[in-house]
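Contents: one structure, followed by commentary.
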Amino acid sequence: MNVAPYARKAQYYETDQMGVIHHANYIRWFEESRVDYLEKIGFPYERVESLGITFAVLGLSCEYKAPVRFGDRVHIFVRFTSCGHSRMVIGYRVADAATGEPRTTGETSHYFFRKEDGRPVSLKKAIPDLYELFRSLVAS
Amino acid sequence: MNVAPYARKAQYYETDQMGVIHHANYIRWFEESRVDYLEKIGFPYERVESLGITFAVLGLSCEYKAPVRFGDRVHIFVRFTSCGHSRMVIGYRVADAATGEPRTTGETSHYFFRKEDGRPVSLKKAIPDLYELFRSLVAS
Amino acid sequence: MNVAPYARKAQYYETDQMGVIHHANYIRWFEESRVDYLEKIGFPYERVESLGITFAVLGLSCEYKAPVRFGDRVHIFVRFTSCGHSRMVIGYRVADAATGEPRTTGETSHYFFRKEDGRPVSLKKAIPDLYELFRSLVAS
Amino acid sequence: MNVAPYARKAQYYETDQMGVIHHANYIRWFEESRVDYLEKIGFPYERVESLGITFAVLGLSCEYKAPVRFGDRVHIFVRFTSCGHSRMVIGYRVADAATGEPRTTGETSHYFFRKEDGRPVSLKKAIPDLYELFRSLVAS
């Protein structure tokens, strides 16, 4: 499946006094692009939640290659890196929309849990077709 | 009752590319100082909520007198401006902690509602002593 | 001139524990829509700044009519309310993109100043065609 | 040198609709605690910058052990993990202030550059006593 990148414009309130987008904001951009990606592959967050499952963030990492400035347009490429029964890892690549030059890369890891009682679940058992979809995205 | 102002240090991530604290952050500072104030007068938010009541923000205003910069320390003075059965208005004054010079002023208006069903309530009926406390704070 | 509203999706990280978009975020949405509006009328922020002029926020107000939730799509309508030599006022109306129902309204007031030395300027003298454009937007 | 942890209270506007502090906020807390730490060891950010040097964030990572909720008080322990001529790594441990239970850990890596022209510098050459101080903090 070929999913179009998430398009984002850097906002004024996201800059800091160095004149660049403050580094903490990329974590939010990753979330935006993850939500967008789930929507594009036909499993919007709302649908996952309506099936009683939620993803929690276990950890993340981010590497800053080059700054983004106010008004810049970026593309965020999302990629499923791995998906097991209880966990998945998603990768992100932020690039300048015009030139394609790399800006930031990152990764978030998640586990699946039941909204009802907060307990970890096997995605394979809970939502088998979402599990299969995630697996196929990892493979591709 | 004489309540000490809320002390706050301006953070790096709150600056923008003009080199000053971005104007949207003051709304958050107002909230911080409001929470702090409720705690200082003996009715922390948790206690209000445990009694089944919540405050929602109906509206707000803010006036910017002079910028605050990274590392600056400010004092935020909170004041109950009015309190009726169903609504209250709270005022804020942000001043430089060292010089006392004004930085920003603002106001938020709130209504009281029941957490259970989101319906507006009379604070006077729901938590009479909190209502009386708020009234006395307005008067003083 | 008929300017299309700014389209925005409410993000997960903008929610608070009440399950709605936190009230401080609307101030940022106003800024996003203002920047978008200037772009649409042919005077993007960068162009104004390249002419040596900047807008500073003098004050703002916001009224909350109904909550916006994660995943909701809104339209933000921007309107020039007044424009004098040294100041302007801009109004905002956030509405549900699907139903048109009102969510939030607000206003920001700005003054014009020279980037070089931070001194207030007459927009009429500094960038006459931008001044005329703003005036015509107020009238329409 | 034994540096007291940074004390922080979790704010309402930092929560998300899961009822916990949104994961992106910890990156800001790390920054707050880093700034506080530099102040406590006698080299506040302003002093470093007045010597013409700045730190840029090269990368970061964060692991989420347990959630923090509105009103919780945490302690953030900062530790210099490594410091070379051109780079340093700082570690963070967020723990509940009352119980000491772990909440989040993380790391940020930085490089040193000249404010004037944005070029990387050797901290050892640029500010020898800060370099020596950082080295001694790593060792301890």
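Miscellaneous remarks
The chains carry the letters A, B, C and D, assigned in the order they are written, with residues numbered from 1 in each.
Criterion: a residue touches a chain if its C-beta (ideal position, glycine included) is under 8 Å from a C-beta of that chain, and two chains touch if they have at least 3 such contacts.
As the structure is a computational prediction, the values presented were derived from the model and not from experiment.
At the far end from subunit D, in terms of centres built from Cα atoms, lies C. To overlay subunit A on subunit D by their CA atoms, one rotates by 180 degrees, a value rounded to a multiple of 5. Looking at which of C-D and B-C shares more C-beta pairs in contact, the answer is the pair B-C. Inter-chain centre distance (subunit B to subunit C, centres taken as mean C-alpha positions): 25 Å.
Here the CA centre of subunit A is 29 Å from the CA centre of subunit C. Distance from the subunit C centre to the subunit D centre is 35 Å, each centre being the mean of its Cα atoms.
Shown for subunit B are the residues in touch with two or more other chains, namely 12-13, 18, 24, 28, 31, 70. Put simply, subunit B touches subunit A in their complex at residues 12-13, 15-20, 22, 24, 70.
For subunit B in complex with subunit C, the residues that touch the partner chain are 18, 23-25, 27-28, 31, 54, 56-64.
Interface residues of subunit A facing subunit C in the complex, by the touch rule stated above, are 11-13, 28, 31-32, 35, 44-46, 70-71.
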